[in-house]
Each structure stands twice: as C-alpha cells, then as structure tokens.
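Chain IDs A, B, C, D, E and F follow the sequence of writing; residue 1 opens each chain.
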Amino acid sequence: MAEIFDLAATNLLSPVILSFVLGITAALVRSDLSVPEATAKAMSIYLLFAIGFKGGAAVAANGLDGTLVATLVAGFVLSAALPLIAFAMLQVMTSLSRIDAAAVAGHYGSISIVTFVAATSVLEGRGISSEGYMVAVAAVMEAPAILSALWLVSRGGSGRRMDGELMRDIMLNGSIVLLVGAFFIGAVTGQEGLDKISNFIVAPFTGVLCLFLLDMGLVAGRGLRESRGVLNFGAVAFGIAMPLVGAVLGLVFALIVGLSSGGVALMMVLSASASYIAVPAAMRVALPEANPSVYLTLSLGVTFPFNLTIGIPLYVAASQTLTGG
Amino acid sequence: MAEIFDLAATNLLSPVILSFVLGITAALVRSDLSVPEATAKAMSIYLLFAIGFKGGAAVAANGLDGTLVATLVAGFVLSAALPLIAFAMLQVMTSLSRIDAAAVAGHYGSISIVTFVAATSVLEGRGISSEGYMVAVAAVMEAPAILSALWLVSRGGSGRRMDGELMRDIMLNGSIVLLVGAFFIGAVTGQEGLDKISNFIVAPFTGVLCLFLLDMGLVAGRGLRESRGVLNFGAVAFGIAMPLVGAVLGLVFALIVGLSSGGVALMMVLSASASYIAVPAAMRVALPEANPSVYLTLSLGVTFPFNLTIGIPLYVAASQTLTGG
Amino acid sequence: MAEIFDLAATNLLSPVILSFVLGITAALVRSDLSVPEATAKAMSIYLLFAIGFKGGAAVAANGLDGTLVATLVAGFVLSAALPLIAFAMLQVMTSLSRIDAAAVAGHYGSISIVTFVAATSVLEGRGISSEGYMVAVAAVMEAPAILSALWLVSRGGSGRRMDGELMRDIMLNGSIVLLVGAFFIGAVTGQEGLDKISNFIVAPFTGVLCLFLLDMGLVAGRGLRESRGVLNFGAVAFGIAMPLVGAVLGLVFALIVGLSSGGVALMMVLSASASYIAVPAAMRVALPEANPSVYLTLSLGVTFPFNLTIGIPLYVAASQTLTGG
Amino acid sequence: MKTHQAKRVVITIEAIMQNRLTDTMEAAGVTGYSILPVLGGSGRSGSWSREGQIGRANGMVQVICIIKPERLDDLLDAAFKVVDKHIGVVTISDVEVLRAERF
Amino acid sequence: MKTHQAKRVVITIEAIMQNRLTDTMEAAGVTGYSILPVLGGSGRSGSWSREGQIGRANGMVQVICIIKPERLDDLLDAAFKVVDKHIGVVTISDVEVLRAERF
Amino acid sequence: MKTHQAKRVVITIEAIMQNRLTDTMEAAGVTGYSILPVLGGSGRSGSWSREGQIGRANGMVQVICIIKPERLDDLLDAAFKVVDKHIGVVTISDVEVLRAERF
C-alpha cells in the first residue's frame, strides 16, 4: 500500500504529469498560452511513430510468443464489450439521453494512445518490460467500440448509421495507420533499424511527451472551462468509476491470456482509457445529434487526467502484486 | 581588452549568431526563405520550456541562496525605472511623439527572452555558471515596464489605458506562464527530472536556438526592409545607447545584490534587452495610436542584433572583470 | 552483382525507405493520415540546414581540394545539358506537347535535395565518405536547368518568359539560400561549430528523414491517385530511363573530375534526380500553360521513388566498382 | 471590364464532413470550389478553437463555390443532403465574375 | 429551396483584439460567428505577414457574422466600440441563408 | 450607423503569383488588401490540397480588397494583367463599409 502511494507520488511529481498540470492550470486561469495546431499534430505523429516502431523492434528482438493472437482477441472483445457495460452504468448513474449515453459508451471501449504512451514511459522508468505487440493490441482496440456504440443506438430504433465510407474512415484513420505502419517498420528493421533512429525516437521521447501533455492540458482545461455545467455529479462519477471497471476487466483478460507484469498493466491501461481522437470523429459523422461537449469533457477532462495521475500507478501496482512481477 | 575582442570574435563566429546573420541577409536580399508561424511558435515554446526547466533544476541542485528575493526586487525596480530613463533619452535624442516615446520606453524596461537564452548559451560555452533563478527574474521583469509606459502617457493627460483585462493579459501572457511553470517543474523534479528529459531540453538546445535565430533574422530583416525611413539617426543611436545604459544599471544593481559573475552578466543582459513579444502586444491594446513600426524596428531590428553580436560579449567581459569571476 | 542486390535489399528494408512506402500506401488506401504543411516545411528547413552545415564542416575539416571548381563547373554543365537530352527523349517516347515536354525536361536537369540527403545517409551507413562540397554542387545544379527549359520553349516560337524578377526568385529561392548559407556557417565554424550543434543536426537526422519521407510518400501517393491516367506508358518509361541516363552522364563527369567514390555516387544521384520544389514553382510562373500534374507526377511519383529504392543502391554500387572505392 | 452574374455559395461545415460534402457536390456536377480554414467560432453549440487540437472532431471549414445562377439549385440540394443533420451555415450572395468562361 | 434574408458582417481586426471584440459581441447578444485567419495584408500602416512571427502584436483575423437584418445595428454598435481606435475594416453585405431557424 | 458603398473584390490566385499581383495592384494605386489562406480546392485542373506540401508550386491564396467603386476598374485592369494566363477566379460584390475615411 505504502508502495502504491510512493509510486503515485513519483508519478505525480514527474515532469510529464506536471507539464499536463501546467497546461490545465494555464487554461483555467485563461492565459493565452497555446500550442499551434500544426505543432500538436507534429508531436502526435512523432509519438505514434516512435511508440509503434519501438513496439515492432521489441517484437523483432524477443520473437512472438504464443500469446499474441490471444491478446489481440482479448483486446477486440474488450473493446466491443466495454461500451455495453458503460452504457448500462450511464443509464443508472446519469440522465443522459440514449444517444448521448451510447456515444459516451463508445469512447470508453476504445482507447487513448497518449495514456498508453504515458504508461509505457512509467513502466520504462521503473524498469518493467512489456510485450512489444501491445501497441498492436492498442490499434485493434480503437474501432470495435464504435460499432458497439452504433449498435446500441440502432437497437433503440433509429435507423442504421454505419456506411462503407464511415467504416473505411474508422479502420484507416491516420492514427491507426501510422501506429500499425511504424510497428511493421520496427518489426522488419529490428534492432538495426532502431539503432539508426534511436537518437530520434528514443532519446528525446519523454521530453516531447512533456510538451504534448502540456498541450493536452491546455485543450482539456479549455474544454472544462467552456463546458462548465455540462456534466453533473453522476457523469463525473462515471468518468472515474468506468476506468476502474475497465481496468479490472482488462486485468482479468490479461491474467487469463498470461501476459507479463508490464503487459497486464498496459492491458489495464488500454481498457481503462477513453478515446478522444478516433471515436469523437466517428461520432460527429454517425451521431451528429449526440452532444460533443458531453463525451469530450468526460473523456479528456475527467477520465484522462484521472488515469494519468492516479490510474496508471494504481494499475501498475495491481499488476505487479497480482503477477508477482 | 584583447580578451573582449577575442570573446566577441568567438561569439560572432558561432553557429548561433551566423544563423541570425543568414536570416537577416536572406530577408534583405528578398529571398522567399521563411519559417512557418507554427514552427516559430513551436521553437519558442521549446526554448521557454527548456530554459525555465533548467533554471528550476539548477535551483533544486544548488538551493536558494539569500540573494533570490533581493534579485527579484532589483529586477522589478529596474523594469519599472528603465522606461523613465529611456523616455527622457528619447525626448532628447529623437522627435518621437510623447505616445510613441512612451511605447518605445516600455519595451526597454522589459526584456527579450531570446537575448537571455543566447547569453546563457554563451556563458555555458565559456563554462561560467549562473544563478538558476535568473529565469524567474526574467519573468518578473516582463510586466512592470508596461505599467511605467502607460503611466508616462497618462501623465501627459490622456486618460488611463489600463483595465483589469489588460492587466490579466500581461501577467498571464503565454511566455510568462510557460517560463515560470517550467521553472517550477524543474525546481520540483530536480536533477532526476532533468535526467529524464535532458536528451530533449539540453542536448539539441543550441541547434534549435540556431534555427530560431534564423527565423528572428528573417523577421527582423523583413521589418527593416518594410520600415526603411521610419527611424532617423537619433532613434538608431538610442537603440544602441539605451542597452548600454541599461546594462550599466543592471551591473550596479547586480553588484549590490551580490550575484555571481554569470548572474551579473545575465542581469546586465536582461536590463539591456528590449521586449518584442509581451510589450508590443500590450501596446497594441493600450496605445493603439503608437506606431508599431517604430518600436518593433528599434527593438527587433536595432537593439536585438546589437545585443546579440556586441552586447553579450561586452557584458560578459565586464562582469568577469568586475566580479573577478 | 550479388553485392548490388544485397545493398538494394539493405536499402529497401531501412526505416527511411519503409517510411516512404508507408506514406505512399496510406495515401493510396485513402487513409486520412496527413502531416501539416508547417511541419513538412519545418522538417525540410531542418534537413537543408543540417546537410548544408555538415557539408561546410567537412570542407573546413578536409580543406578544399583542387577538384572543387571543376566539380561546380561539371554540375553547372550537367544541369544545363540534361534538359536537352530529356527533351529529345520525351519527344521520342511520349506525345507530350512541346511546352509540357520542356517543362518536364527542366525538372530532370535540376536536382532533388531529399534524394541527395537519402543518398548521403546511405553512404554514411556504409561508411563511405564523400566531398563535403557536394552540397554546394547541389545548389549550383538547381537553376541552370530552368533556363534551358525556357530556352527550349522560346526556340519553339513563343516569346521569352524569363524576366529579372523570375531570375531573382530562382537564384534566391529559400532552399538554395538556406543550403548555401548553412554550408558557409559550417565552413566558417568548422568542427567546433559542429560539436556545438551535432546533437541537433547529426544525432536525430535519420529519424527526421524518416518522418519527412513519410510525408513525401503521402504527397506522392495523393498525387498518383489524383492524376491517374495523366501518364501513359511512354511517360512512365521516361521517368525511369531518364535518371539512368542522367546517372551515367553524372558518372562520366565525376570520373573525369576525379571525385572520390562517395563523390561519384552523389554526382550520379544529383544528375539522376528530378526537382520537385524549385523547378515546379518556376514553371508555374514562366510556363503557366504547362500541365503541372504531368511534371509533378513524373518527378515525385515515378522518378523519386525509383531513385530512392533502386537508383541509389545502383549508383553507389556502380561508383564503388568503377572507382575501386 | 466585362463581368458576368454568378452566385457565391459559402458552406461553413464541420471539417470531418468536408469530403462527404465535396463528393456530393461533385456527384451533382459542381467541380469548382475552394476550401478556407476556420480558426474558431461560436454558435448554439458553444464556442470552439482549433488551437492545439489533434483530433478532427471539432473545427469547421468554409467551402466556397462560385456558380452560375442556373446551377444554384443543384448545388443547394446536394449541400442540403449533407448539411441537413450536421452543424453548418449556408449563405448565398450575388457576385460578378471576370472571365466567366473559366468556370 | 427556401432561403431567408440576412446580413453578412465581416470585421477584419487585429488578432490581439479578437477576444475583446467577441466578448463585446456576446454581451450585445450576438452569439454566432466564425473566425478566419488572415495571412498578411497591406493598408495605411504598411504591410505585414504572419510568417515566422511568434508575437501576437501584429496580424489580423476576420470575424464573420451572419445575422438577422433587425439585429444588425446592435452588432455594429458593439463592434464599433472595440474597433473604434483600433485598426480594422468592417463590411456589411446582403446574403440569403438556408435554414434560418438555425441562427 | 452611417455606412458607405464600396466594392469587395476577391481574387483567388496561385500563391506563387501573390507578390506579382500585389506589386501590380500597388503600382495601380491600390494599397489596401488582405490575404486569406486557402487550404485546398478543385477546378478544371483537378483538385489540390496544401497538406504536407513544402513546395510553393501548388496552392492558392485569396487576395481580398475593399475598394471605392470609382477605383474598381483600375484594380481589375491591374489584376487582369497578372491573372490573365494564370489560374485564378476574380469576383466582385457590393458591400457597405463602416468608417470609409479609413480606406
């Protein structure tokens, strides 16, 4: 227990987290500090490329163990199933409309790649290794949740919202393509490839993550300011309870599959995190009636900071205790 | 004396200065070389974050010595007082209107953070250490000069220009918030934090500074081209005399406070430098009648290049001679 | 021969090439992956600055050998002469109009700096050194081809298209000024200057090149998609035959001048590559009737990928065999 | 200088719907348009800004289309199909164009 | 397709004054507007460009507001308060809007 | 609020021709204009987008000019010289301006 607090404190006082806090604070006091859109996108391209490549290179180094397929399937099932649980919880805990609840639910089945990145950086900091293919699992978990969310809506009577174009948009969205592509490049070029570019994708990684989280803090803080009053107590409670539920489910699946201590922690993080890129975009197209401030504020303003500060150290500690890792 | 020339030559032939020269040359020959706005902003975010963080980490490493408060007070007083001197000089040396003179004066009380950054990089190159909290002094010196400038105008009869919103804009402008925020993060996470991100904020720092100065050169050169004829001989003379006056005052205050050799040099640099971000923005809001080409050309086109090339080595040499450092 | 295949395979499976393939694939499957314009420009500024600086520093280290002037002259002649050959080939192999053929021809006399950068990175990877002043040769080869192209058109009867302003635009275009400027900075500051910023311009270089080529792949793929049907078989054949012709001519000139093995390879690369920045811009101004999809698709969609994947290893192998290097 | 009557249609629409809109317009035979970026704004669904955003879910663009008056209704029908359920403002005004043969 | 008469007001104003302008507009009950970036320009006070700039002191934006004709004067009064001493161009033109119920 | 009649001229032109156009306009005595970025578009010569581009060869900008009606022809003549052989759309519409003394 003391160790958990220790881990949480170390995590909270890292440059990465404090940069996020700086961003959120700057936005809340209405400073005009801002990161240009092009710069934010450049950093996200960098992070996706680096994390994908490193995952692929790790797979090349360690070989694929038999758990890969099982883990991918587990990820797919979790992504598809979590929205159903989230939806049920939302109907109990909040008074959101059916459509808003379904849209929110979709976000919690899918994943937040920057939460994943922050978690890998915590694991690295503590010297815990994890399966390189977890980034592939992250990619697999992006989309199924969207289908579940749309299914939840169509069950409620409104006609179908999914068409071929939307499906293509979701499967081939830039983050997935870049993450998976970089993973393959890393897997093909292996350690030799990594050596060539590690001064770019490894050495400055944590520093770039700091500035990226500064920006995330600015955007989250601005969102919180704009949407004051959008979320009531029940919704905020959901935004904290749901990641815990997701993490527990992720834990169960990961233990069944037999992942390493680091892999278990990452599976918990993926299940606990909520999308703020792929799913919001899909929802604007497929469910334009759903209120974006509700799902964006919950995902980026409540669950993301919760996972970043409290969630990740908790999941790492839990996985270490339970795997004995 | 020979040493000063030597230092000046080393400084002039460094990649940092030559990049600025390249930028200014490209703009003057009307090359279409340009740095996108988003890229320039990204570099300035990087530099502010890095310089703030390193200052904070230095404070964490060396502890706060008793001179901190005295130095902050000295900075505040200098920032508030320098505009009055500048204003008097401008009324003697130029025929600028009262409002233009006050606007220019405000710039010279405040500071240019990139001049400060260039100076720290010269100090580092020569192995001279300085008080980490000088970045906090830089932050403190941004705003008081603006109030002095507005006071100079209001004394001249025109009603008050300062309102709560402008005050908030000035105190919470992005550069100050980022610099101070990064300083706190550095101070809290200390050497351990620095180790995590030094591959990002230390290793490539000088290189980024080169490209940033390339951009500053482009902007300064374009400004000089556009505003040919705006400045007469008296104004240009002020743009070179004023930093020297500021540097001497900064020297006196720094010696009284008892800073180290590096700290004295930085205090001289801060006093000698003229703002080109915070103050111009405040002036556009509060003194829209003042002519921006006058203050921007003086600050960015005359004083900044002067400090960068001749001023910094001079201030460093002076501080070393006088502190025996 | 086996060695060539080996080299080609190593080249094809490098992170740099695979990033390009990822970009082109993402564009062809219509993923929404995209790099912001400001980010792409920032990377190109970085690459030009780094390659220019390193070239200059190499010259400072090794001194100028007597071949410099001869090589610059050779570059000039090649750039001016290649369009004439290209034009003749286009009239035989394609049914392009005189103006379109002249515009295309201009691109093949000039050079693609990113092909050059990719080649230097292959040479470095294999430990082959080359003359630092080859970047100056690259700069010299940018413009003459444009004049040849316009001469080809004016011979065909339409009045002259070149005016002083266009001439200035071409000679002082941003890429040339930055490349040459950085070269001078590198030459002046030498090894000492390089040491100061090598953590920025050397260490992360290959990684940045990966992301830049990812973007080039996206742009090339989008271009190929948009202009399906613009190029017939003859044109595509030209896009592959012309670099080979250029490379052979470059080889001959380089052997006559007496360059090192690396220098010969780079001269072949310069002659083989086709411009996609300076020349297209000049053609839009001077030959607005020429169809940009023809020259852009050929240069960026056919010849660039060919050189990147097959050409470079071929030229390196040829130069090594023939120079015995 | 001789000019011709035309209509200028400005469709302010969510960025995420841009391709769907232009595809629909092209299917309706409208091939000339320009896209302008929008930095931010405010409306019934609150205010927004593109600053620091990486997602495509918020943010709008302006699709501007100069069109012959007789083709206006085709364009509006096409646009309406896409804009209907989505956030968006469509305005039409009269303009004169130089070189009408070019569009 | 049924359209409604409206006014299109375009206020080109210094970027630094943007928030003051939109706050004043909102205080006057105008909540719908879009902000367009301006890259550069020229006027009595010389020419400018945003290229490579980091400061906020130069550069302009366009605030575009589609508004019911009867609300025009409120908007202009509000805008005038802010634009008055500052650099800025305000233009008004007639437009028709689709879906007037939405604004 | 008192307004004045003016013309709003919008010239959508290749970015590479921007300086040549504004130089010609200035030579014709037109000094007030603003430049708006264009992200992409489509026309007879196909569609384009600025995404990921580093070259200046494709991409357009909008040069917007508010001008007194009596000065319109000078402007159009000047613009026409540059736009003539080049890709570009020129539109003219009526606007009212506040503070006509400022332009």
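We take it that contacts are C-beta pairs under 8 Å (C-beta built on N, C-alpha and C of every residue); 3 or more make two chains touch, one makes a residue touch a chain.
Everything numeric here is computed off the predicted structure, so don't read it as measured data.
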item: Both-way neighbours, i.e. chains that touch chain D and touch chain C; value: A, F
item: Interface sides of chain D and chain F: same vs different residues, half threshold; value: different
item: Per Cα centroids, the chain farthest from chain C; value: E
item: Separation of mean Cα positions, chain C and chain A [Å, integer]; value: 41
item: Chain D-chain E separation of Cα centroids, rounded to whole Å; value: 19
item: For chain A, residues contacting two or more additional chains; value: 32, 34-39, 41-42, 203-204
item: In chain D, residues with contacts to at least two other chains; value: 36-37, 49, 56, 93
item: Every chain pair in contact, whichever chains are involved; value: A-B, A-C, A-D, B-C, B-E, C-F, D-E, D-F, E-F
item: Residues of chain F defined as touching chain E within the complex; value: 1, 3, 6, 8, 22, 26, 31-37, 61, 66, 93-99, 102-103
item: Of all residues in chain C, those that touch chain F in their complex; value: 34-37, 40-41, 44, 165, 215, 218-219, 222, 226-227, 276-277, 280-281, 283-285, 288-289, 291-293, 296
item: Residue ranges of chain F in contact with chain D within the complex; value: 12, 36-44, 49, 60, 62, 73, 76-77, 79-80, 83, 89-93
item: Residues of chain E defined as touching chain B within the complex; value: 14, 16-17, 20, 45-58, 85-87
item: Touch list for chain C against partner chain A, complex; value: 13-15, 18-19, 22, 25-26, 29-39, 42, 125, 203-208, 210-211, 214
